[in-house]
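Before any comments, here is the structure.
In this document, chain identifiers A, B, C, D, E and F correspond to the written order of the chains, with residue numbering beginning at 1 in each.
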Amino acid sequence: MIYTKLYIDQISEGYVILITGLLIVFSALLILTAFFKYGLPVLLYTYKIITKGRDKKIKDISPNVNEKFTGEIAAAISTAIHLYLKEQHDEENAVLTIKQARKLYSPWSSKIYGTHNNLRK
Amino acid sequence: MIYTKLYIDQISEGYVILITGLLIVFSALLILTAFFKYGLPVLLYTYKIITKGRDKKIKDISPNVNEKFTGEIAAAISTAIHLYLKEQHDEENAVLTIKQARKLYSPWSSKIYGTHNNLRK
Amino acid sequence: MIYTKLYIDQISEGYVILITGLLIVFSALLILTAFFKYGLPVLLYTYKIITKGRDKKIKDISPNVNEKFTGEIAAAISTAIHLYLKEQHDEENAVLTIKQARKLYSPWSSKIYGTHNNLRK
Amino acid sequence: MKKLFIIFSVISLLVFIRPALGLNTNSNTQTLSTTSVEQVEENSSESFIDEAFDGIKQFYSYTGFANAASGNLIMILIGIIFIYLGIKFDYEPLLLIPIGTGVILGNIPFVAGNQTGIYETGSVLNYLYFGVVKGIYPPLIFLGIGAMTDFSSLIANPKLMLLGAAAQIGVFATFLGALYLGFNLPEAGAIGIIGGADGPTAIFLSSKLANGINILPDGTTVKNLIGPIAIAAYSYMALVPVIQPPIMKLLTTKKERLIRMKPPRAVSQKEKMIFPIVALLLTTFISPSALPLLGMLFFGNLLKESGRTERLADTARTKLIDIVTILLGVTVGASTQADIFITKDSMLIFGLGAISFVIATMGGLLFAKFMNLFLKGDEKINPLIGAAGVSAVPDSARVVHAEGLKSDKNNYLLMHAMAPNVAGVIGSAIAAGIILSFLG
Amino acid sequence: MKKLFIIFSVISLLVFIRPALGLNTNSNTQTLSTTSVEQVEENSSESFIDEAFDGIKQFYSYTGFANAASGNLIMILIGIIFIYLGIKFDYEPLLLIPIGTGVILGNIPFVAGNQTGIYETGSVLNYLYFGVVKGIYPPLIFLGIGAMTDFSSLIANPKLMLLGAAAQIGVFATFLGALYLGFNLPEAGAIGIIGGADGPTAIFLSSKLANGINILPDGTTVKNLIGPIAIAAYSYMALVPVIQPPIMKLLTTKKERLIRMKPPRAVSQKEKMIFPIVALLLTTFISPSALPLLGMLFFGNLLKESGRTERLADTARTKLIDIVTILLGVTVGASTQADIFITKDSMLIFGLGAISFVIATMGGLLFAKFMNLFLKGDEKINPLIGAAGVSAVPDSARVVHAEGLKSDKNNYLLMHAMAPNVAGVIGSAIAAGIILSFLG
Amino acid sequence: MKKLFIIFSVISLLVFIRPALGLNTNSNTQTLSTTSVEQVEENSSESFIDEAFDGIKQFYSYTGFANAASGNLIMILIGIIFIYLGIKFDYEPLLLIPIGTGVILGNIPFVAGNQTGIYETGSVLNYLYFGVVKGIYPPLIFLGIGAMTDFSSLIANPKLMLLGAAAQIGVFATFLGALYLGFNLPEAGAIGIIGGADGPTAIFLSSKLANGINILPDGTTVKNLIGPIAIAAYSYMALVPVIQPPIMKLLTTKKERLIRMKPPRAVSQKEKMIFPIVALLLTTFISPSALPLLGMLFFGNLLKESGRTERLADTARTKLIDIVTILLGVTVGASTQADIFITKDSMLIFGLGAISFVIATMGGLLFAKFMNLFLKGDEKINPLIGAAGVSAVPDSARVVHAEGLKSDKNNYLLMHAMAPNVAGVIGSAIAAGIILSFLG
């Protein structure tokens, strides 16, 4: 009998969870819907007003930023390479480039000094 | 003396393992040999008879299947891209393509609707 | 008072660590400096004298060595491919090559036998 | 030189062919007196053949042939079928092939005690299984999924998110069904999530609720249902192309299937960047227990959309998720060790799983039709895309696309189906969190 | 077929809409007598609405809305700011975005006991945090750094190594400052290393000294300062472009800033191969406790320079370091759970951190000027590169480069700044080892 | 602004140069009364120089110079030689360079108790070593090997598999030799596997049998021989090009070396797909204890050949195996800490290792000649390829190829040598399983 009792409680609790759960899932996604339908535009508009004018950076985000590595040094190296090669690579290429570069020239050769001025970040 | 006894037992057990082991290794690889010399052809022949005719799929397996990702979503995206670009890429390319694609067009532009019919999987 | 006493000891020990630490860091990097300014040239010179003449290997190290994989088998495969394609790839390419290769020819076709002699490592 | 070699090698060869020849050179036994060696020789040469046979007999008792139970053979066959389906029909091969192989590995008969089986502590499989038991792999998979998911379709047409919610009916209905079949609450919760059609979510929830460790108020320990639940979830996900089409035909009219939806608007990069952050905050505030799943999902997506962390996103969506997929697949497969896996419970779970997929699909379809009551003109939804709400990304979206083409070979639903499809992922993660909060 | 489906689906739908309709078909309740079901029905249908409301009330108590503390909201805001800085101004995005997201994840309010929080044993975040607590991630990061670092500049101009040593003044000064503020020795040591401007080193040392586990001679347990220290270190590293320029202007004369250094000599492959081995031996002999850091750093570099192990070096510097970075970033971020993170100590640590960066920069600059007293002609150093000695690679080198260009748009200091920059990494690792030997 | 900075920086500088100057501004000691500070000052300034010297003395006692034992220096030298061999002669650099570096790391002298050494619980190296001690790394390596191995040669010419079996004579002979030298059964079994010429297999078996943990029936604990066995196995694998040629010349006639084998037949994709599954079943049924190795090996191969899981196979054969190789190599190397590594046992193991490679090679060669007795015409085998049966893939196959070319510069044996070569891998894994079943 205890089993049955327990069992009954379980079933009824089951129904509660079922209804509650569905309501919550729906409301959750409803809120999300609402936000992206109404909230977001407002947000973006206010943001635009605030950052009026000086909001170019976001646009010109490009893969090359990924060279800059957490872990730190890669960037400077690749940068150096770039300064030399006057172009952008993503991390992988940068590494390759370093390899080629090694063969082509001593990264320290004074050649490099001619190519900088127009490349300052 | 106990040590020696133990030692003696070890040596003799050693010989047993040596002989047994060699026998087993040989028989194991013999069985494998036998299977691939005689078993496999039979297997393949029976398989051919069973799946007679409708056995093209295996042949036309190509790297592109790998776009389809474990779970999940990558595929649909890449597929969409493919529908648009009318060609096959492997996962990496697909990703790249997405990047380019973003720049080229809004994936939602109705342009896409012209390019589908001849591409249905 | 005990706290203060402890505290005082800490401060004084702090100064000791400060001075000691700085001295050690400096000396450490000084030694390193010294080695690379004076030690290394000597080292390299002696090495040159010892290995006089038969010291080409280091120079002609090239990426292709990386095909050879710890784990062993890849190499033989790629090697085979190379023997066939008469050229060098890095691991990744090797893999790709294998893919293409599969389509192009059976790696076992006797064709391969014509292309070896001039390629022995 | 040559001589030296010959002598050297002959000696070392003699060491082990000696007994056969029966000769007595003990040139390399430094450690004991000749006498004792004599003993060795006799003792070993006389009874040698017998001992060798004993050895083989003894070894035979270790082999799979000696220990194979019918259950093992059945499971191995199932494993082979999984692999066959994956290769031949291309059903989710990246899941079925690792899982299938795992099923075979887990059912090779072995003698317990050699740290071989996945349930033996100290075995390699057991260590790799850790990531499943502790629910560590699923969030990492979600990280990768986030890094490869394009939520544009959802941002462009947010109302389609509700379809992802509707499909969760499958989760809760199955949960209730499991209760009726006598499972206790936590077990039922874990079983219910199969209806979410999301492998990682299913594994995550079952590892928290039905892990064979938790103790219930009434003192009993919950069953370990991770294996059956995971297998059921993944099997049915792979079978979506078989399960869904008939239901779609059944519940939609020709006319509905012909509805064309207007192309979604373009979405700005800025919106894409804001989406993961806002979605993360809203969903986890509502359902904090789903944090590991939703947190990682949107983290991955932020890495992808930030435009500054492409290299991290790339790693997350390629090598990292590949590694986790391999380990997850093979260990989940191996967890189906026959003696533990083949039980009435497993059968019930498979039954419930089938129902849950059906209900989820129906939920999505019917709710889409329901929404159409309130939508007019080109706002109307093609109810087929409701079926994509079950997630099982991206297969159900593809199925929808295919079904759409069957009715009108110029009606391309893939883009639209992606919205409920990814919403379904979010939906079941939230549902999992809710169930966990109630029963965890 | 169609019929079968309809019946089947209707039944399964009925299961869960039944209570609403209130009808009593218990067609699929095999396990109990009708009577008990009657009870269920009454018991569930009468009070059903109330119960549902209770359920929602109960669930609300689990949500973030119910449990949000002001602290959480503040931290979440900070997390968003981190992400914003990373994306908008490109300050170390590969650090700030994962950390920022982690800060959000760690501060989603949750009810304890569901294995959600990073400090709850058994939670996924807790397992991933293990690599931080045990100091396992930092050496792996260093492995990758080694595999991507080109030490040529250092080999070509060894004397610049001393600038890396000078900047360590920041470490020891901060250490002393922390003592004055009442931190005990190990805590002060861990705080001091912030002056090293090296995230991994800071995490490594604090995980050994200020981990909340070690017991002091006087019986007290050290505080767990890993979170604040790591956040401080990474924040200031990201802010180097803001912190350093004014100090540089302050401590150098226009004339000094114009100094041009002669291009470093070419470095042979053989020298590059020998460097990691010799540097490994010298530095670890002097400071053995720094072995995990320096050992892995130079191991990675050897993999890179050996020319035979490119594939290992490549993996170490790409996928491996990416994976570790993701896990490290998000867990370090999540460790800032408000109730544990927002303390007076954290504030003090941030204050000390700022000072330490200032002192370190000054140390480097002043020592460069000091060195110039002994150098003549084209040997002279441009003191700006002294500032790069703080490490914070490669940003401080870039800052130096930029500053140099401001004074003379044809003076390119990047190459030269790289030498003290990497020397700074080695320097702070050695310093960490020293502190660990004294206080570990 | 500028002023503020100067004041601020001067103050912070004063903090630590104060004692030297001896002045008493305690402007930033908030936490205590002037009096006590006075004390500090006196107490610290008077005896300051002495204390500093004590500090340095104390620190010196921590350095490697103070603790270097001759053993350490010897091992470091060996490590450098490993690296040199790897770079200069290209002997398995992907093994020797990580292991060599590991040997150096493991032998930097340190003061115990700072969690530095690989055998100190809590040290980073110790955590990474876990994968070796528990035998987790080897199966992952095998996964990658499987994903890069092309078994075509074996499928095309199955009888060559027997050569892989013959070479296992080396394993069992060495096992017996070890017994004669007084090692107990499990230790001898682990030592024997060196003859398998397979690093991962050797590590796997020794981690199960000779791990310093297992207790023998007679109560004694087995020795921890993982380090010596692994080093021996990898060293001799790297030296295969030195060890094998003389034996080949010794045991084959000029005429035999000239034998040309007919090109193997083409193998269909379907055969390649079936191979891993069947081989997995057969081998693991016979030798279940080898499941982790063989299971992963053939799993990897299935990922490669299925044609549906290329992305997983690619990850397994590149990044995953690279990561594991790095960790395995450096930790196995570091496990050679002099005080534990330099023992009579290690020397014996190296001796036995050499013998085992010789015997294995001989076994393969002689068995090839033996097979030729039964083969006629163009079926005949070039006995040289028998030497490839030792595995040590792919070097021994390359050595065979090279030797073949020496006798006939148009006889290309590489393809043919690959068959026994990979069979040797399978063979030693099976042998390992057998030994484990008997002695595990």
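We adopt the following convention: a contact is a pair of C-beta atoms (placed from the backbone, for glycine too) under 8 Å apart; a residue touches a chain by one contact, two chains touch by 3 or more.
Every value quoted in this text rests on a predicted model; they were computed, and no experiment measured them.
If you take subunit B and subunit E together, the chains in touch with both are D, F.
Shared contact partners of subunit A and subunit D are E.
Most remote from subunit E, judged by the distance between CA-atom centroids, is B.
In terms of residue-numbered contacts, A-D and C-E present the same interface, as over half of their contact pairs agree; the other options in C-F, C-E or A-E do not.
Between the CA-based centres of subunit B and subunit F the separation comes to 28 Å, rounded to the whole angstrom. Centre-to-centre separation of subunit E and subunit F, using mean CA positions: 32 Å.
Our note on geometry: subunit A versus subunit F, Cα centroid distance of 38 Å, whole angstroms. Across the assembly, subunit C contributes residues 7, 11, 15, 17-18, 20, 24, 58, 61, 63, 65, 69, 91 that each touch 2 or more other chains. Multi-chain contact residues of subunit D (touching two or more other chains) are listed as 16, 31, 55, 58-59, 87, 90, 93-94, 169, 172-173, 176, 180, 182, 273, 286-287, 307-309, 311, 314, 318-319, 325, 434, 438.
Which chains touch which is summed up as A-D, A-E, B-D, B-F, C-E, C-F, D-E, D-F, E-F. Residues 16, 19, 31-33, 36, 39-40, 43-44, 48, 51-52, 54-56, 58-59, 87-90, 92-95, 141, 145, 148-150, 152-153, 156, 199-200, 263-267, 314, 317-318, 321, 325, 393-394, 397-398, 402, 405, 409-410, 412, 414-415, 417-418, 421-422 of subunit D are the ones touching subunit B in the complex.
Residues 154-155, 158-159, 161-162, 164-166, 168-169, 171-173, 175-176, 179-180, 182, 184-185, 188-189, 218, 268-271, 273-275, 278-279, 282-283, 286-287, 307-311, 423, 426-427, 430-431, 434-435, 438-439 of subunit D touch subunit A in their complex. Subunit F contributes residues 134-136, 139, 143, 169, 172-173, 176-177, 180-182, 208, 246-247, 250, 273, 277, 280-281, 284-289, 291-292, 295, 299, 302-303, 306-309, 311-312, 314-316, 319-320, 355, 358-359, 362, 434, 436-438, 440 to its touches with subunit D in the complex. Of all residues in subunit A, those touching subunit E in their complex are 4, 7-8, 11-12, 15-20, 23-24, 57-58, 61, 65-66, 68-77, 79-80, 83, 91-92, 95, 98, 106-110, 112-113, 116-117, 120-121.
The residues of subunit E lying in touch with subunit D in their complex are 1-2, 5-6, 8-9, 12-13, 15-16, 28-31, 58-59, 62-65, 67-68, 76, 80, 83, 86-87, 90, 93-94, 97-98, 101, 104-105, 108-111, 113-116, 122-125, 127-128, 318-319, 322-323, 325-326, 330.
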